[in-house]
Amino acid sequence: MQLDTLKLGCERDERWLFSDLDWQIRSGELWRIEGPNGSGKTTLLRILSGQMADYTGTLLWQGEPLARCREAFMASMLYIGHRPGIKKALTALENLDWYQAMSAFEKRRGVRRDACFQALAEVGLAGFEETPVENLSAGQQRRVALARLALGHQRLWILDEPFTAIDRAGVRQLEGWMMAHCRAGGSVVVTSHHDSGELLPSSGVLKNLRFDGQGGVHVDC
Amino acid sequence: MAFDSLADFWAMNGYAAYVWPAFIVVLGALVTFALVSVIEQRRLLRHVAALERREARRPARSTTATDEEMS
Amino acid sequence: MWPIIHKLGSPKWFYTMSGRWLPFLWGIGALLITVGSLWGLAFAPPDYQQGDSFRIIYVHVPAAIVAQSCFAMMALCSLIFLVWRIKLADMAAGAAAPLGAAMTFGALFSGAIWGVPTWGTWWVWDARLTSMLLLLFIYLGIMALRGAFASRDGGARAAAILTLVGVINLPIIKYSVVWWNTLHQGATFSITEKPAMPMSMWLPLLIMVLGFYLLFAAVTVARTRNEIIRRQPSARWVRALAKGGRHGL
Amino acid sequence: MVRGACTLTAERADTDRVLDALPGLWQGFSATLIRDCRLRFRRRSELANPLIFFALVVTLFPLGLAPDSTLLSGIAPGLLWVAALLAVLLSLDGLFRDDFDDGTLEQLLLAPQPAGVLVLAKIVAHWLTTGLPLALASPLLGIMLSLPGHSMGILMSTLLLGSATLSLVGAIGAALTVGLRRGGVLLSLLILPLYTPVLIFGAGTVRLAVEGAPLAPWLALMGAMLALSLLAAPWAAAAALKLSLDG
């Protein structure tokens, strides 16, 4: 698996957030993106996840320009942004079931549904499957979104501030999944502007991409 | 000349109340747009010159201004 | 193909090139409109049916033609902007919109005034007037949408999409309004479709239409140039321009 | 079935799971359609709003004009159509706004399926829950406005065809204004001029039906407008949604 950026730059209303970014994301790598507020972290993630076409330079997925293999890329990429992407009027199961239908190769509904039950159990929501999400606590709601990670269809995870609104135990659990995902050959790109998470820095797989807030980006390997 | 005198011309054979307002509104809109765009250009360039002078007074600040051309 | 598009899309190149042409556009446009107005108002013979009220045609028709051409030009610019992301095209579309709306209003206003001596009423639901009214609403919608976005790029792209949707819709609106009109009332007396006009009447009209086109082009170019300065006041060539004091026309 | 456009070299295929098939187009379309319908039925009070609005507007006219059946039957085609159009317009603002607020919209556009197809699923769900009920309820209100009985069928079929076009065209406007805080009023300014052809042909066809004139060409024209908007609107709306999420 590889995602490359060649001379990537982004200009918003005549201001350059970053420019000339050459960067490679490979299997087994866990990237943390740091930088002050407004330095362009979220914008970079939105460009990497193919949501924004307003950039200069090239994005290559498996060596091919992203525009030429959008479907294959979208099928192997999972993005969770600031907004959770969860419908509050639906139950946890219905929410997850929709994501399953959008991304799973499995045609049989029953099999897809079983996988949803399993994923919800893994994030500690066993017994809450049929509860409408609006009746769950904020942390539990966040976990419904994170249950998508446990479905395990995508190789590349792009997570924007995933540690917000989850408790300490949840943070450790999430870090554990991220590392396990990398060990299994996947890759993770994650932003966090404060030093949340303790496990990751000591794990050895972590790499950093740092924004200086002046339009420059530094890659530490 | 389709009219006998200037007074006839102004009167438009009784249609003055229709012909002149139509001309004034349409041509007036065109002329207003033209004048405003010229005045606006003067004002903008004066503004840029003032900006330049202000920045020249504090040269220490690193300028983020780029000469990038948009395309 | 690519280098040409990018050269044409460069604001600096556009600014210097248009600076050379602009004085001629202003001058010839103003001259044509002056000549056309005088000719149309004073020298063209009065209409045998409508008398001197027909002279409104010399502002009504040019305004209507420019209003519609302006929309076509905006649609072309929007397409160029969306496909090649050339911001200059968007600046031109944004610069043309208010003038297009003003010309649409002018055509409606002069048409309504003309209606009083010819139909005896300010407004009839004539197919042409109605479709012009809808065109005015579409212009206003595009301008309002552009202004409603906090980000300039977002507003630009939204306006471009709406312009393209509008240009697909305009022929349908026009056709439906004509059909609706014939369904309601018999063939109405039409303002512009007249039995062949004599040369002495349509020649000044032709001059007026040309003059309107030239002035429209001049205003649009001037407004685009202003937008360039407004968007990149810190570019080095803009600074040099302001310091040199060569404001040009 | 959509096939991956990426050609993987044999070397890469060893390390990566080969995407021999992508999640299906139909699977994504139907899942989104079912999800949206389910959401609307869960908020049942909101589901009834356009219908109640439609009935209320129609009720206002006899009160405002006169309870004169010849007058009412004369204006009934236009009145029913204007009321239906306004009811659709009223419901449009919610088409994408909830999804925008909770982030499911950005996930929808991130799905491997083409965005236009998924947007079409949302539009179909919108039509099923607004346009279709309005069309089904229209004969009832037609009777109240003493519309001749033989034109009820035409009233329903023009509303069925026309309200689908209204949903499709309206989706573009809803998509353009979804990121704006006060998008509602702007939405009507953008969309109402574009709605005029549908209104003219819809109401005009019903009026011709009352007079007993031949209708086939006019119904065909309404079908053509539906086909054109079916082809263009989902893609325009998808493009508009992308920029609303960027802005």
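Here are some notes:
Note that the chains are named A, B, C and D in the order they appear, and that numbering of residues resets to 1 at the start of each chain.
Just so we're on the same page, a residue touches a chain if its C-beta (ideal position, glycine included) is under 8 Å from a C-beta of that chain, and two chains touch if they have at least 3 such contacts.
None of the values given here were measured: they were computed from a predicted structure.
Closest to the middle of the protein, by Cα centroid, lies chain D. The greatest centre-to-centre gap from chain A, using C-alpha centroids, is found for B. Centres computed as Cα averages put chain A at a distance of 51 Å from chain B.
Centroid to centroid, with C-alpha atoms defining each point, chain A and chain D lie 33 Å apart.
Rounded to a whole number, the gap between the C-alpha centres of chain B and chain C is 16 angstrom. Distance between chain centres (mean CA atoms), chain B to chain D: 43 Å. For chain D, the set of residues that touch two or more other chains comprises 246. Under the contact definition stated at the top, the residues of chain B that touch 2 or more other chains are 66, 68, 70. For chain C, residues that reach two or more other chains under the stated contact definition are 85, 151, 153, 231-232. Looking at the complex, you find that chain A touches chain C at residues 12-14, 54.
The residues of chain A lying in touch with chain D in their complex are 1, 27, 46, 49-54, 61-62, 64, 68-77, 79, 81-90, 94, 97-99, 101-105, 107, 155, 185. Interface of chain D with chain A (complex): residues 2, 4-8, 12, 15-17, 19, 21-24, 27-28, 30-32, 35, 38-39, 42-43, 98, 101-104, 106-107, 109-114, 242, 245-246. Those residues of chain D lying in contact with chain C across their complex are 172, 176-177, 179-180, 182-183, 186, 189-190, 192-194, 196-197, 200-201, 204, 207-208, 225, 228, 232, 236, 239-240, 243-244, 246-247. On chain C, the positions that touch chain A within their shared complex are 85, 151-153, 231-232.
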